[in-house]
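In the two assemblies presented below, chain A is common to both, partnered first by chain B and then by chain C.
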Partner chain A sequence: MKHFWREVGFLLRQRASVWAVTLLAGLALLSVGLGLHDVAKQKAAISQVIDLQKQDSAAIKVFATEAGDAAYYRFHPTWNPPAPLAFAALGQRDIAPSIMRIRALALEGQIHENEAQNPELALPGRFDFAFVLIYLAPLVLIVLFYDLWSGEREAGRLASLEAMPLARSHLWFPRILARFGVVSAALIPVFWIGALISGAGLRDTIAFTGLIVALLGFWTLFAAWIAKGRGGSPTNAAVLATVWFAITLIAPAGANLVINATTPIPDGAAILRENREAVHDAWDLDRAATLQRFYKFHPELASSPPMQRPFEWKWYFAFQHLGDQQVESLSTFYRTGIAKRDARAGLVALALPPLAIQRAFHRIANTDLAAQSAYQDRIRAYHTQLRTYYYPYLFLAKPFTPADFDATPEFSDRLAE
Partner chain B sequence: MGGQGLDLRDLVVKRGNRNVLEGLSLTVPAGQIYALLGGNGAGKSTALFAALGLLPVTSGQALVDGKDPAHQPEAVRASIAYLPETVALYEHLSARENVDYFLSLAGQIRTKAQIEEAFAQVRLAPAVHDQRLSAFSKGMRQKTAIALALLRQTPVLLLDEPTTGLDPQATQDFHTLLLELKSTGVAILMVTHDLLGAIDVADTIGLMIDGKLASQWHARNSIPRFDLQGLYAAFTHARIGNTSA
Partner chain C sequence: MRRAVLIARAELALMFRSHVALIGVIALLLLSAIAAATSQAHMAQERFSRLANQTQTDALFEAQPARHPHRMVHYGSYVYRPIGPLAGFEPGIDPFSGTTLYLEGHRQNSATISAVRENSSLMRFGQLTPAFVLQTLAPLLLIFLGFSMITREHMRGSLRLLLTTGVTPRDLILGKSLALGLVGLIALAPAWLALLMMAIAEPSEAGAAALMALGYGLYVLIWVFGIVAASALAQSGQAALLSLIGIWCFIAIVAPRGAAELAGRLEPLETRAATDLMIQAELRQLGDSHNPDDPFFAAFKARTLAQYGVTKIEDLPFNFRGAVSAEGEALTSRLFDKYFVELATTQRTQSQIVSLVSIASPAIAVRRISMAGAGTDLETHLRFLQQSEAHRFAMVQYLNRLHRDKLSQADDAARSKDPLAEQRTRIAADNWAKVPDFAFKPTSAKERMLAAIAPILTLAFWLASVMVLAGWSARVLRARAL
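Moving on to the complex of A and B:
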């Protein structure tokens, strides 16, 4: 250990190294601070929406004496609370909604409506801890490693150093370990502070820490391998920077393009449009026929009496339901396509360690595509609950009282778990 | 100090398709200085690297204090202090920190007093002991490196062109120091272009041509210590031969 600490001290005597490591630690601290702030903001927004929705529902309750009024006017909050480690890897949370207010109307349009909102905001990506780790930490390791051997050779010291007994165990191994250790020390404690503040579980924190070590270990071994070669310092720097650029930026972006091109999916706006058109067209269709189509999905409601008035809520909600049925195959295609793309990205990640680790971060932080899909599944399950709760009031003339208004099912973020 | 000195036996070292050393044999007993002369590319520095175990030996054997670097590289390096042609220590460290650092690499600990004593022995002024090396002249760097070699207390000392770039006074001081070291029983192999310096301090002078020991002269107990005429003639011939090659 004394050789390790000697090399740490030696490294910290070099001004450029100190600057690089301090900058990295500062950026890590900033990313954790911003991540915690974002997560706190999301949590606050969720609880604020839940509170405000209660006030909104109370106002609707005053005039919603019919089940149809309640089902039409009343919004129901759903939310996807951030996992404790979301602060470190925001993942999909910056582009996917963490709160959705839904009504008992056609659902698919409501779900995909969000995709039409400012997608440009997602382009720059988020400055989070995972970004610092995946994109910036390797650059600092490259700075610390590229001239590890060549710098000594170019300064004429290499022979003197190699001539020392136990150079490998007393010098090179501690030097490599010191660089790895210093970069780890700039990142891991900062992450731990964030994990402690966010109340992350020990198991996830250890797993996340393991991934940090694995990523830094990968770059350390690779950079040391390149640095050990016969190339000069500029050559080593160029090779390392090129590989960094290739495997953290170019290859994932290229793979993404190929996956998207070979795995086509309908865009969310198309589902929204078709869902809306199906609903709007229903106003001009034969009402009895609409209801008969609906009863095929809900035969238990087929005993409902024929419509007596030009507008009845049951007809309105029947064609809302049929609107969802109309886009069901498109929606399934969309969801399976997204899952297929994600699975293919997982295969690509097997060859790209930084990408694999980034995906693992998002999985642990519950901010990946799977987490977002699971949230949508919970919304769908809840929406089904809502519909089936209202249908007896709408179709079977079950009296709708204020107590029934209060007994409307509420969303639980553990519904589908 | 004492020890078994340095023994190179019929060493052959290949680099690519070329034999850089072609059967080099020489012996440096404990308490003696061997000056190895030769033109550029004669293989002098390669002989040092082979002794250090930094280059693989194709055939033959090097024995450093009785140990073969091919089989006991770490033990050999623990027995050798090596002073390269260009003394390159760490510029951002002081003389004392450099010495401390390299001793630590060698797994050796020396007291502050021992370090001060070594600096005094090489005549490095106390005022500069804690100055960064970036402010040092070549002579001062050389002295720092020699102090390090002294502190290593190894039975064998390898020197690669040690007086290149030193002024006459520094060269004289260096030779005095070598003689002091020799008197403690250290075996010293010095690769040099400096014929006069070699005549001044060496017990044996060897002349290398094309990877082989072409001639060897032993010091006499009379003045002049060497056959100067023979030495100059051989040395000049070797240089001309090397130049024309």
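Moving on to the complex of A and C:
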């Protein structure tokens, strides 16, 4: 242990190392601050919309005395609240909406809506803790390691150091550990502060910390391995930087190209359009036949009397649902295609540690693609709940009272686990 | 100058003999070629697919049967953001923004279906495009090849020897810059070639392509002089290398992200859901079409009746319901426009804040030139949204005019209850073809060139600064050698 502290002491007397580590800690602190602010902003936006929606619904309640009017005009908020650790790895949360308003109409035309963000800001990526860890921390480790052996060799001390008894356990091992320890100490406490403020659970915090240690450990071992080689200091630095660049920038971009080429998905625009065609074609089709097709999905409503007028809300909502049914297979294919792309990225990550860690971060922070599609699944389930809530009023002449307007099911953000 | 050329030639010979340098250059060229080919092919396919979607959507609209015109208002239309000829070089925001917009009555939808939501998280690590290779990768290669150009001479003691033979430090800096500049030129060659080919294929884009080529040329030159100056000023090779990698990391990786965060903090945006609800609330304040006693619509009725000198809407020479629809749509559209101006202003300010940070990072400036030149910047997207809204409004109002002029008031009122009246409210299908098609007017080549001027000047300022730095490093070198 005393060897370890001695090496830490040496390290902290080198101006360049202190600079690099302090800068890293400062950037980590900044990223945590930005992440916490972002998460707070998303939470505020969610409650703002829920409030605004209440006022909107109150105004609709005044004139929507029929169930059909209420189902048509009234939007219902759905939201995807950030998990406590989202501050550290924002993942897809900047490009996918955290809150969406849904009606009992055909869902495919609603669920693909986008957030009104500035694409130029999404383009470079986020400055979150995961970024500092995966992009910047390895560079600091490279700075601390590249000349560990070659520096001694170039100063003519290497032979005498190697000749020391117990050089391995008393010198090199503490040196490696000291570097690893200092970088860990620059990052982990900063993350813990963030986790404490955001109220993250102990289990997730420990798992996250484990991932931080794993990533720093990987780069420590790799950098030490290269540094121990025969190369001179500049060569080592160049090799390490090249490898860092190759596995954090080039390989993911290349893998993405290959995955997209080998995993085609249906054209999303076509799903939207076909949904619309199916919905609007119904206006010119035989109304009774449309209802019969709908009753196949909802036999409990088949006792509804035949239509008396050219327009009845029940028929309108029946063909909305048929429109969703029409594109269901295409839509499923679209979603499974995206999930398959993500699964293949997971395979690529097996060979690329930074990617694997990034994905694990996003999983724990619930900000990955799977979290987005889980949110969409919750929206789908809620939409079913919503439309089936209205059906008895529309089809079975159940009277719709103001109390029924208020009793409409509400979205629940509890994670379906 | 002759001496500088000799020094450059010697340096290049050395690089050529060193396998590492050769492999580095070949790897970069290979990556450039792969990036250029795949990106171009992908964007060409996207362009084709959007064009095909647009054609099909327009054909579907015209093929709709005889209907009530308000049905067509709700049937609506889709528009797909077209892709300019240079987007293969720099896809810019295209994969990060929705490409498909649904246009319908009373509502303003968001642009949806974006590549970033259809891809695995790998995409957020960066995309292999010619622009990425030049902006991020090429400087790193130049650093590896150039960091020790002068420190090496210094360490070996050959520097003093050189200076005694009559070579001035200026010659040395110039010669080394010339050699590294030639490597930079090789790195640029595939991109310049690609831009040249695009300019030949689409002569109207030649000006924008030339500006992009100029921007990347300046950017590479900044790195060349910066690297040579760092090599002259550093005490050792590794000090030069480490500080250059640190600078590269800041310029190419940290600053663009930091600038985006800064812009997002200083100019926050409302969520789409909140904006929609605010529009609805304001709309209700102005005029509520669901309220039979609403003052706005009551005033509209009184005004219309007075204008035609009648006392009942039944006596009007047209279908009053269509006129109310048109009036309501105009009201909604005014609010959409008002909130869109707010959104666009905020987003433009955000992008300006990012541009300001290019004072600290030429990578931001070159990306700006690249995206503006290729027409894949925020401005193109905002124009798409704005023109789509104008198209939506024109389409809906055309249909509302049909609703007003071609339908009998009595039939229109009875159509939900009376099947025969419902049949009579359907108007002929040939009316649908008369809705004008959406023709996107992207930023003109001239506008894009104008937008590139400020970042070009920023790069020119950067280049002048690093050249001054290189000149100063020559003086330091002389002092150190003596």
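Simple rule for what comes next: the second predicted complex is superposed on the first by the 401 of 417 C-alpha atoms of A that agree within 3 Å, B and C clash if a C-alpha of one lies under 4 Å from a C-alpha of the other, contacts with A are read in each partner's own complex, and residues count from 1 in each chain.
Here is the rule we use: contacts are C-beta pairs under 8 Å (C-beta built on N, C-alpha and C of every residue); 3 or more make two chains touch, one makes a residue touch a chain.
Predicted, not measured: the structure shown is a model, and the values here were computed from it.
> Go through the superposed model and pick first if A:F10 touches only chain B, second if only chain C, both, or neither.
first
> Thinking of the overlay built on chain A, is A:A178 touched by chain B (first), by chain C (second), by both, or by neither?
Neither partner.
> Just to be sure I read the superposition right, which of the two partners does A:M164 touch: chain B = first, chain C = second, or both, or neither?
first
> Please indicate which partner A:P77 is in contact with in the superposed arrangement: first for chain B, second for chain C, both, or neither.
After superposing on A, A:P77 lies in contact with chain C but is clear of chain B.
> Mind telling me which of the two, chain B or chain C, contacts the most residues of chain A?
In the superposed model, C touches more residues of chain A.
> Look at A:A155 in the shared chain and tell me whether it touches chain B only, chain C only, both, or neither; answer first, second, both or neither.
first
> Overlap of the chain B and chain C footprints on chain A, residue-wise?
Correct list for chain A: none, the interfaces share no residue.
> Give every residue of chain B touching chain A within the complex, in rising order.
Against chain A, the touching part of chain B is residues 49, 52, 54, 74-75, 77-78, 80, 82, 84, 86, 88-90, 92-93, 101-102, 104-107.
> For chain A, which residues count as touching chain C in their complex?
Listed in rising order, the residues are 16, 27, 34, 37, 41, 45, 48-49, 52-53, 55-56, 59, 62-63, 77, 91-92, 95-101, 109, 112-127, 131, 135-136, 139, 143, 146-147, 233-234, 237-238, 241-242, 245, 248-250, 252-257, 259-260, 265, 267-270, 272-273, 276-277, 280, 283-284, 309-311, 338, 341-342, 344-345, 348, 355, 358-359, 362, 368-369, 372.
> Sort out for me which residues of chain C touch chain A in the complex.
Contact set of chain C toward chain A: 20, 31, 34, 38, 49-50, 53, 56-57, 60, 64-65, 67, 71, 74-76, 78, 80, 92-93, 96-100, 102, 109-114, 116-128, 132, 136-137, 140, 144, 147-148, 237-238, 241-242, 245-246, 249, 253-254, 256-261, 263-265, 268-278, 280-281, 284, 288, 290-291, 343, 346-347, 350-351, 354, 371, 377-378, 381, 415-419, 422.
> Can you tell me which positions in chain A touch chain B when the two form their complex?
Against chain B, chain A makes touches at 2-3, 6, 10, 13-14, 155-157, 159-167, 170-171.
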